[in-house]
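Input: structures, listed below.
The same subunit A turns up in both complexes below, where it pairs with subunit B and then with subunit C.
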Partner chain A sequence: MRASWLRWAIPAAVVPVLMLLAYGFKTNPREIPSPLLDRPAAAFTVTTFAGSPLSLEGLRGKVVMLNFWASWCRPACYEEAPALERTWREYKDKGVVVVGIDIQDRDEAARAFLAEFGHSFPNAPDPAGRIAVDYGVYGVPETFFIDRNGRVRFKQVGALTDELARQRLDTLLKEPS
Partner chain B sequence: MIPELGYGATVAALALAVWGAVAAAGAARTGRTDLLRSGERAAVGVWVLITACIALMLYAFLTFDFSVRYVAFNTNRGTPFYYRITALWGALEGSIVLWSWLLSIYALIVVGQYRRRQPELYPWVLSVMLGVLAFFLLVMTVPAPPFERLSPIPPDGRGLNPLLEDSGMITHPVALYLGFTGFTVPFAFAVAALIVRRTGEEWITITRRWTIIAWYFLSLGLLIGGWWSYHVLGWGGYWAWDPVENAAFMPWLTATAFLHSVMIQERRHMLKLWNLGLIFLTFGLTLFGTFLTRSGIIGSVHSFTQGSIGVFFLAFLALVLLGSFSLLASRVDRLRAEGVLDSVVSRESMFLLNNLFLVAAAFTVFFGTVFPLLSEAVRGVKVSVGAPFFNLVNIPIFLALLFLMGVGPLIAWRRASAENLKRNFLKPVLAGVVVAAIMRGLGVGNALVLTAMALVVFVAGTISLDLFRAVRTRRRNGDGWAAATLGLLLRQNRRYGGFIVHLGILVIALGVAGSQAWSVQTEVTLQKGQTVDLGGYHVRFDGLEATEESNHAKVTGAFTLSNGRRGETVLLPGRKFYPQEQTPIAAVDYRLGFLEDVYLVLGDFSRDGSQATVKLQINRMVSWLWIGGLVLTLGAALAILPEARRPA
Partner chain C sequence: MIRGLAGVLATLLLLAGAAGAVPVDETTVHDVAAQLRCVVCQSLSVADSPSETASQMRGIIRERLAAGESPAEVRAYFVEKYGEWILLAPPKSGFNLLVWVVPFAGLGLGLVLVAVVLRRWSRKIPPGAPAGVDPALRERIRREMSETENP
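Up next is the complex of A and B:
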């Protein structure tokens, strides 16, 4: 019979497609590597809420934990806020600077946020949203770990935890400058 | 209380659907009418129970019953009344409920329409439809239960995804789902026809009608989706080749192919295997679309969930595809063509080409959509192909389809003579070339626009010529122009409905070409009082205002728009800050026009309101998409009407 091969060929044709789709379960579409990793961190100069100037260049030689946040970012920014302050207190004498950049926010709300958590590390507004753009910030919170040579080494999307911060910072501190 | 009631109703509906499917299949095998009636009662029961689920869910939403997890996750006390209703299908679990409900309505219509008319096919059709329903009810029972209890009960809910707070939320999902679920009916008829080996003409007639209905809703859903994207998402476009848009577009393409190739089967008894394959493929693609949006295997703006549900969908997709194609393969001997292709220059071969291009388009869209998976599987790197790929591959295909749209309906069956070609196509071809030449002379340099324009004029010319001749013939019977035209449209509603759909597509094609070629945009930071000029418009930044809405904070910029001809208009684009969202949501403002829209998106702003960044777009001819869409759906509606008389 001429068409006998069709009997198995027609259904067989869908098998590779199904297999490909099944393979999809093994992958994570949200895991998108940041193109900034291992590249020099974009420079910026800001004025902190406390009124003092701060530039990333000036922090060269230290490990920088750069955190993007906003007062309206509930609940993630509120969840990680205490951990940020704890990390800062633990590491500030070990050559680490925690810097908070507040994006797309209102001044009063941002200051209230800082007061609520008693943040003592430098925090500054990102006045024109330029820093967030330079770092490709998609949503807050996002945290970038910058090594002593001023390169972005890790990126954390979503709330940071003490363990995660400790792990990243210890890795970077162990490296020779 | 509501979680328990709802879960009970879901499980009962699942049991009934399974029973109904089995009973109807048993009736089909044994011919026992009591089993068949039992299956029908089961279909009614399923509909009643799913309706009850919807009523319970609505009640839970309206009374802020946060003991239902789904309610707590998709509303909060600030959610406006209107969106508490649409929140019903605002996320995964509820959308499956809506899906099942619409499917159960289709099942009831099938029972009502065919229980007496199609004694042979009907039991199998009922069995397949209830079987598909049972799958969706299973999804509602195990991996995505809408009535899951939340404990402890939170004081407030998390809130609806802000992008869904839009009037499009009523129409877009409902139309889309009516389209998606509608393809179950042709699928069921195709399966039934193969099982009882009745692959003759009657199932084709029924299937064609139902395919047009589903196609109509799917088109509507796609169009509203484009409009939603345009006025809500704030990027100024209507189509992004996002995986989920693609997922809805692929079944549209294969269904369109079927609606054309089915005419060859009706006329020439050819392509039977192909037509059945298209029906199965279309139904499979609707499931694939659901799988894609709900499994989370491919990142997309729409992908609203991940979880075990993907496994269920993949298993069902495998069952449907392997089952239906095996069935098709086992009947391959009965599906031989009775006619032969006589000539390359004939309507048959034009339709074949049309099918080839439509299926090729569906394939390239599929390929591009799963490409990230493919590249990760093969090379270990995730690479997405974006709009450039889709445009590059699909634009030539769609231009070719436009051309065929002009040729196909008028060229002779079997073999076209030189006389036939000259009579039907000489004038339209000349008109197309002349118009393109004139536009070139007027300074239009864009090759795509010129090609599209020439093709559009050509196709419009063929349609007008045909309509003119037909009306003239009818006028000989003494009718006036209006009466003759109306009579023609109603008497040959399928043919002229199709022509009107074609006209709609032409208008859309112009809109796409024009907006791609001529839209301009700029992004600037303005100080208060400063003005930006673009495309003859002046836009002045007048200041910012902050407000508190029931469930979000909003910052609105005031911009005065003038173009020296008409008076000034104030546009108020804003940004909305929802507590539950990590990024602010743009609230765009625009002024729509026939030839161009002015479209403003507020970007960043300074805290004191002294400056703001704004994206200004002059989007040309986008309105033609909506106008063309309206024409298209009117044409489809005309084609759905029962035929008054077979065309001569």
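Up next is the complex of A and C:
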């Protein structure tokens, strides 16, 4: 009779462990919710590849699509590059600014990337990685959508598509400033 | 409001800068970096990773320490940006407390279980008591023993 409770105790002990494992294996270790959503976007001032100063503060009142990229980021950054330029052309007269931040890159390679895709929106390097860390970037490409009040509202990890950009920007443009 | 806060922060940073950069001990930089997860690697700390990202993060740690922030403040800065995910060891509070408590609780429970089982076993066999031998067998042994002694 003594063995009867032991016979049940062992499977009973295994159940919670299995449940924990099932939960753990289902979650993606690379999928991390950004703590920055709905919080004020970190300010930055940069000098673009074209040589002009650009500060996020100066863009207050506009919806900002902030894209982190690198010329070595294949294939995702190359996949999304045409969509970024198309989005910029479609939305620049509607109160949207697209800003590209190039991280961990060589100047020459970055300029070649911009020339290849004919990017006409402002792009700037982040040589010390300060802006990338301020935005909790852990890989490229990552895109942040900042509303008119300067709050981070959406984050896209991985290549951006026209549809996704449109959906996010339209949402933010509809909001009263 | 936010602008005001940013202004205060900028002034503080400027003051810290004006007071002269605090000399930074490389061991402190390493200590902070060792607690942070390298964001582009799996299971490597910022101190151990040779990646450029980690090297830039070490630069940022050094910079913030030089500006007069404490190691805890620098750590908090990274948590603010990346969430608790950035910490290699989960903080000992809230749900995470389970991670710290369950292994020790399990160990304790196991030890108690072993103690209980051992005590039961030792109670089952009282010393010197030839428990449960078939009386017929005992009789036969006795007979055979006396036969060998007195052939």
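In the analysis below, the second predicted complex is superposed on the first by the 167 of 177 C-alpha atoms of A that agree within 3 Å, B and C clash if a C-alpha of one lies under 4 Å from a C-alpha of the other, contacts with A are read in each partner's own complex, and residues count from 1 in each chain.
Convention: a contact is a pair of C-beta atoms (placed from the backbone, for glycine too) under 8 Å apart; a residue touches a chain by one contact, two chains touch by 3 or more.
Quantities reported herein were computed from a predicted structural model and do not represent experimental measurements.
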(message) Quick check on the superposition: with subunit A as the shared anchor, is it clash or fit for subunit B versus subunit C?
(response) clash
(request) Name the contact category of A:R7: first (subunit B only), second (subunit C only), both, or neither. (result) first
(message) Output check: A:L36 vs subunit B and subunit C. Expected answer is one of first, second, both, neither. What do you get?
(response) second
(request) Name the chain, either subunit B or subunit C, that contacts more residues of subunit A. (result) B
(request) Classify the contacts of A:G129 with the two partner chains as first (subunit B alone), second (subunit C alone), both, or neither. (result) both
(request) Would you sort A:Q104 into first (subunit B), second (subunit C), both or neither based on which partner it touches? (result) both
(message) Going by the contact definition given at the top, which residues of subunit A touch subunit B in one complex and subunit C in the other?
(response) 29, 32, 104, 128-129, 138-139
(message) Residue numbers of subunit A touching subunit C in their complex, please.
(response) 2, 29, 32-36, 40, 43, 104, 128-130, 132-139, 150
(request) Please name which positions on subunit A make contact with subunit B in the complex. (result) 1, 3, 6-11, 13-15, 18, 20-25, 27, 29-30, 32, 72-74, 76, 104-107, 125, 127-129, 138-141
(message) Per the contact definition, I'd like the list of subunit C residues that touch subunit A in the complex.
(response) 2, 6, 39-40, 42, 52-53, 56-57, 59-60, 78-83, 85, 120
(request) Would you mind writing out the residues of subunit B in touch with subunit A in their complex? (result) 277, 284, 288, 291, 295-299, 303, 310-311, 314, 317-318, 321-322, 325-326, 328-330, 332-333, 370, 372-374, 376-377, 382, 525, 546, 553, 575, 577-580, 582-584, 603-604, 606-607, 611, 613
